[in-house]
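Paired with chain B in one complex and with chain C in the other, chain A is shared by the two complexes that follow.
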Partner chain A sequence: MPEAPEVSIAAASEGGYPVLKEDLSPAGAGVPTFKHSRLQRLADRWAHLGFLICSLLVVGLIGGILYFLATRGLAAFLPLAGNTGRALSFSEVFLSADWAPSSDRFGILPFIAGSLGVTGLALLIAAPAGILTGVFIAKMAPAWMRNLMRQVMDLLVGIPSVVYGIFGLTVVLPLVSRTWLADAPASGFAVSALILAVMIVPTIVSLSTDAFESLPAALDEGAQALGSSRWQAIWRVLIPAARPRLLTATVLGLGRAIGEAMAVQMVIGNNPQWMALMRESTDRAPFLRALFTPAATLTTELVQELPNTAAGSTWNNVLFAMGLLLYLLTMVLILATRRLGRGKEA
Partner chain B sequence: MLIPTIPETKPIKLSVRDMAFSYGQKKILDGLSMDIHAERVTAIIGPSGCGKSTFLKCFNRIHEVAADVDVSGDIQIDGVDIYRGGIDVVDLRRRVGMVFQKPNPFPKSIYENVAFGPRLFGVQDRATLDGIVEDALRKAALWDEVKDRLKESASGMSGGQQQRLCIARALAVNPEVLLMDEPCSALDPIATSKIEDLITELKESLTIVIVTHNMQQAARVSDYTAFFWLGRLVEMDLTERIFTTPKVQMTEDYITGRFG
Partner chain C sequence: MKIRFMAQVILAGLLVAGAAQAQTVTVMGSTALGPIVKKAAEDYMKAHPGVQIAVSGGGSMTGLNQVTSGGCHIGISDVFATPDQDKAGVKNHNIVVQPFTLIAHPGVGVKSLSAQQAEQIFTGKIGNWQEVGGQNRKIVRVIRPESSGTRAVQKKTILHDQEFAKDVLIQDSTGAVVTAVATTPGAVSFVELEHLEKNKNRIAGIAYNGVTCSNETVKSGKYPVFSFGHAYTNPAKLGDPKVKQAVEDFLAYILSPAFQQNVIKAGYLPVDYVKSLKTKL
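Moving on to the complex of A and B:
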């Protein structure tokens, strides 16, 4: 094959590449120099200062909230100045299920368990549903439906949580109350988790759709070229390949669920004594009963009680401690998300 | 239509008759007929967008992943129509393996990549799987390089190793035909020459169809070369004849670099 390269070089030199013959720059013209005017440089400096102040303000605000929460929250456990309440021990707050502020008993275990329970149940519904919907939108739906569903999901993410709460209160609760499952009203974990799940599904769908769309098409084709069915390719290759980003999607949904107060408060029943109620219950299906027992979470309890307590009282301090706990939980979740997100690149 | 009539001892493995392929309203391939012989390497060359890759994808029906595709005419494997002959598409894809333009190992271990196909077809016994994996990796000339790190992720391998892993993955289900869609376009010259050596070894037992943009590669590895232009087969012949005495002027213009 000696001829081939020769000819191709000849072809190129004959006119394959355009050659610039003329010098197009005007003769004698010097290279123009660009210099900012004094005014521009002054404006630059002021703008720089403006940006700096804004970012410091944001950082300061976040730090300030943490400082405020920490001092007020820790006051529940420390005999600080200006603290009218008594200093509690960690165990009587975090390990006790007995919440009776008027009798000076401040066990917040029911709220921690409530928050974790509602969030966990919501994720159990929302994560599989959201991820599978993501697979459907990214890999199966025809183009028009994909565009439509993406827009609908983005729209749903922006709906205020109170709207979901109203829906739960006026539609879901009466519906469930009519079944054998619950004594009326049916407020409790089940309905709260359902409403939360509906609320966070769009977030999980959006992010998992992105996750599946960012996978190279060659992965899907490769699996099918080996004889995988559509479902085998999704289950054995696509989902494992997208796993880090699917985890991120789930954790972000989790973060939204655990911090939600409004929607949950409207349907959960707000019963701080739910754990004691469960303990006394002789129901033969305690788990099922728990799903339909009015309960409370960290967020709902804060919304309910904070306006009614005096600043500096033990009760008030414990509520701040609950706020601090939520803050830290969310922080841990965000850090975990970052870590998971980084894992994908490695 | 030019179908080479030359003495050939190997049987016809794939035969294409008057095939047309359209995607939506757009016709990609038209009036294609050719025979591909067993245990030979057939190279498909032609400018970008001439339908080479599409043609390749018709043999394992992988284009069905996308919707809105219409294939007419006949494509037969061992005399059985692969579209209407009652062949199960999963079985077809086991018999007709494919290697893609860019190495596409699954984000799993080297071992699991190769074991993927056999597992799909229900092989579960560990010892049997071990045997299949070793055999496939040996055939792909990769065994010596990876035998001590089978459990490691495939993403840590070099591009050339990844592509040979993809070949091993395809070989693990014991295919009869191997389709290669520009398998070296993402590789450096050393990795490319390893793949080319491999192609020459593999044709002892396989029918290979390779799409390539690289004329030298077509000349080095293939027994037959087919030149496509605008979705039509311009000329197909023994590779040495295509590159020395092509019958059609357009073929000569293309391989000598006058257009394309």
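Moving on to the complex of A and C:
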């Protein structure tokens, strides 16, 4: 790895601006100053304004989306103007597993549990696989393979999710059902989590490779000089040292997984009644049963029902409340990533 | 040369002015009904150069929402307006008939179901194909989401307004339903007839009460499972009497025998096939 240029070291200490030290000394102290023409100064000012407007637009857009989601979503609970539906209580929405909008019952617990369940399972598969691949690429693979793997991972990140979904629907589902389930349908948490895991592994691999590559070589060499085996060096030294950045990688993967709609929608089976089904089930291994029970998540329900419900109806409002919930969940995840990222410098 | 150029400019100006004066009728809604309404619009505009008809998609509920609020002149929909929209004064026109059929994975070993068997399969009382004379295989019910028009038709005609079983697979579109049924042994579902005809090599049709769904059996009144494609207008919001006239004229054209002949090619049936049947769907 080439040495970082001097200026970027100064950058870290000067709040990110690549400024040379001399420029900061008081004017008139023998420092060369540059004369700009009026035209240059004018162009500078307009450019400044342009950048300002662009960044304000972005902030405004995010705020606007939040405002829109909040007004429509909170309309489910408040008797607002233009609201043709009835106002619901928080508990009958967030604490009820009974979803039957046509019969005026709006419990979204199955979707919240579904989103958390499928995302959690996907991470259980993807995080170890991704981090270990990262170790391999950064610390073990020969150079040609490292380059190849990096490019493959970058390509995989760019594949549209619907492609993963089609693959799951037409290849994985029939295969799993034929191989293990005696032709019973395989839709449910297991296959959805598998597809999601395949989707987010490249993200986790890329970021954890970076994490391991950025560790000082002395850590690895020191550990081995003290007599640790390859495995001990990785497990006891490298992974703990890279931990904050590995957590960031995992949380970013989590963010991608929880917001994914298309791919999951095609393989999960989209059954809002899955919790009721599980309760009635007399199966001896309910957890295994749940893995192959058609279920639903916040995103899949939104994709399926939002285009077909009347604006301002209770049903439509609750769907917006689900969107708001997803937005807030993602916000929390992004803030968590920030916090973890800062942890690495401390 | 110059004169010719000026003449061209004036002609172009006149054309633009003429187009601006043309009545524009906007149609929004169901993507399923879109192609047939677009065809009607093209034919109609050829015969009536003064009228522009713009057809766009968005989904049935979008069409209904927009026509209720005055955002478009005609809202096309696979489903009925909600009670609130009815109260707002929207008016229904049935423009085509849509036949529906039961389908299953080819290996289930059943060719026909009685009305009672079909009802009990989807409400969950029957759970194995063996109980209706087929293979010993679990029945996998594949249905559409709760807000879908197809599901509403199925609930009314097949389930007689009872609830669906809790143990179901839900697919977002008819295409996804067909794929799921084709790849899942034991699967059963309910789709528009045209989707069965397009996928005869992958899925099997199932007769209802011994009657196979076809244009002829619907026409003769033997086959009872179908719905209407709707065109909604909101007379209170049409405003300009010229626009109102154009809208009424266009709807009359869609319902004319000359155009209704075209709908068969698109997988629908003419409305007068079932006029005498007096169904509420």
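Throughout what follows, the second predicted complex is superposed on the first by the 307 of 346 C-alpha atoms of A that agree within 3 Å, B and C clash if a C-alpha of one lies under 4 Å from a C-alpha of the other, contacts with A are read in each partner's own complex, and residues count from 1 in each chain.
FYI, a contact is a pair of C-beta atoms (placed from the backbone, for glycine too) under 8 Å apart; a residue touches a chain by one contact, two chains touch by 3 or more.
Bear in mind the structure is a predicted one, so any value in this text is a computation, not a measurement.
Student: For A:Arg45, select first, second, both or neither according to whether it touches chain B, chain C, the two together, or no partner.
Tutor: neither
Student: Touching A:Arg86 in the superposition: chain B (first), chain C (second), both, neither?
Tutor: neither
Student: Answer with first, second, both or neither: which of chain B and chain C does A:Arg339 touch in the superposed model?
Tutor: neither
Student: Check whether chain B or chain C contacts more residues of chain A in the superposed model.
Tutor: Answer, by number of touched residues of chain A: C.
Student: Please indicate which partner A:His36 is in contact with in the superposed arrangement: first for chain B, second for chain C, both, or neither.
Tutor: After superposition on chain A, A:His36 lies in contact with neither partner.
Student: Now for A:Pro240: first (chain B), second (chain C), both, or neither, which partner does it touch?
Tutor: First partner only.
Student: Touching A:Ser229, do we find chain B (first), chain C (second), both, or neither?
Tutor: first
Student: Would you please give the residues of chain A that touch chain B in one complex and also touch chain C in the other complex?
Tutor: none
Student: Which positions of chain B touch chain A when the two form their complex?
Tutor: Its residues touching chain A are 60, 62, 65, 67, 90-91, 93-94, 97-98, 100-102, 104, 106-108, 116-117, 120-121, 166, 169-170, 173, 215-216, 219, 243, 255-258.
Student: Quick check on the complex: what are the chain A residues that touch chain C?
Tutor: For chain A paired with chain C, touching residues are 84, 100-102, 169-170, 173-174, 177, 183-185, 187, 265-266, 269-273, 276-277, 280, 294, 296, 303-305, 307-311, 313, 315.
Student: Sort out for me which residues of chain A touch chain B in the complex.
Tutor: 1, 3-4, 7-8, 11, 142, 216, 218-229, 232, 236-237, 240-241
Student: Where on chain C is chain A touching in the complex?
Tutor: Answer in residue numbers: 58-62, 64-65, 82, 84-85, 137-138, 140, 145-149, 163, 166-172, 176, 179-180, 183-187.
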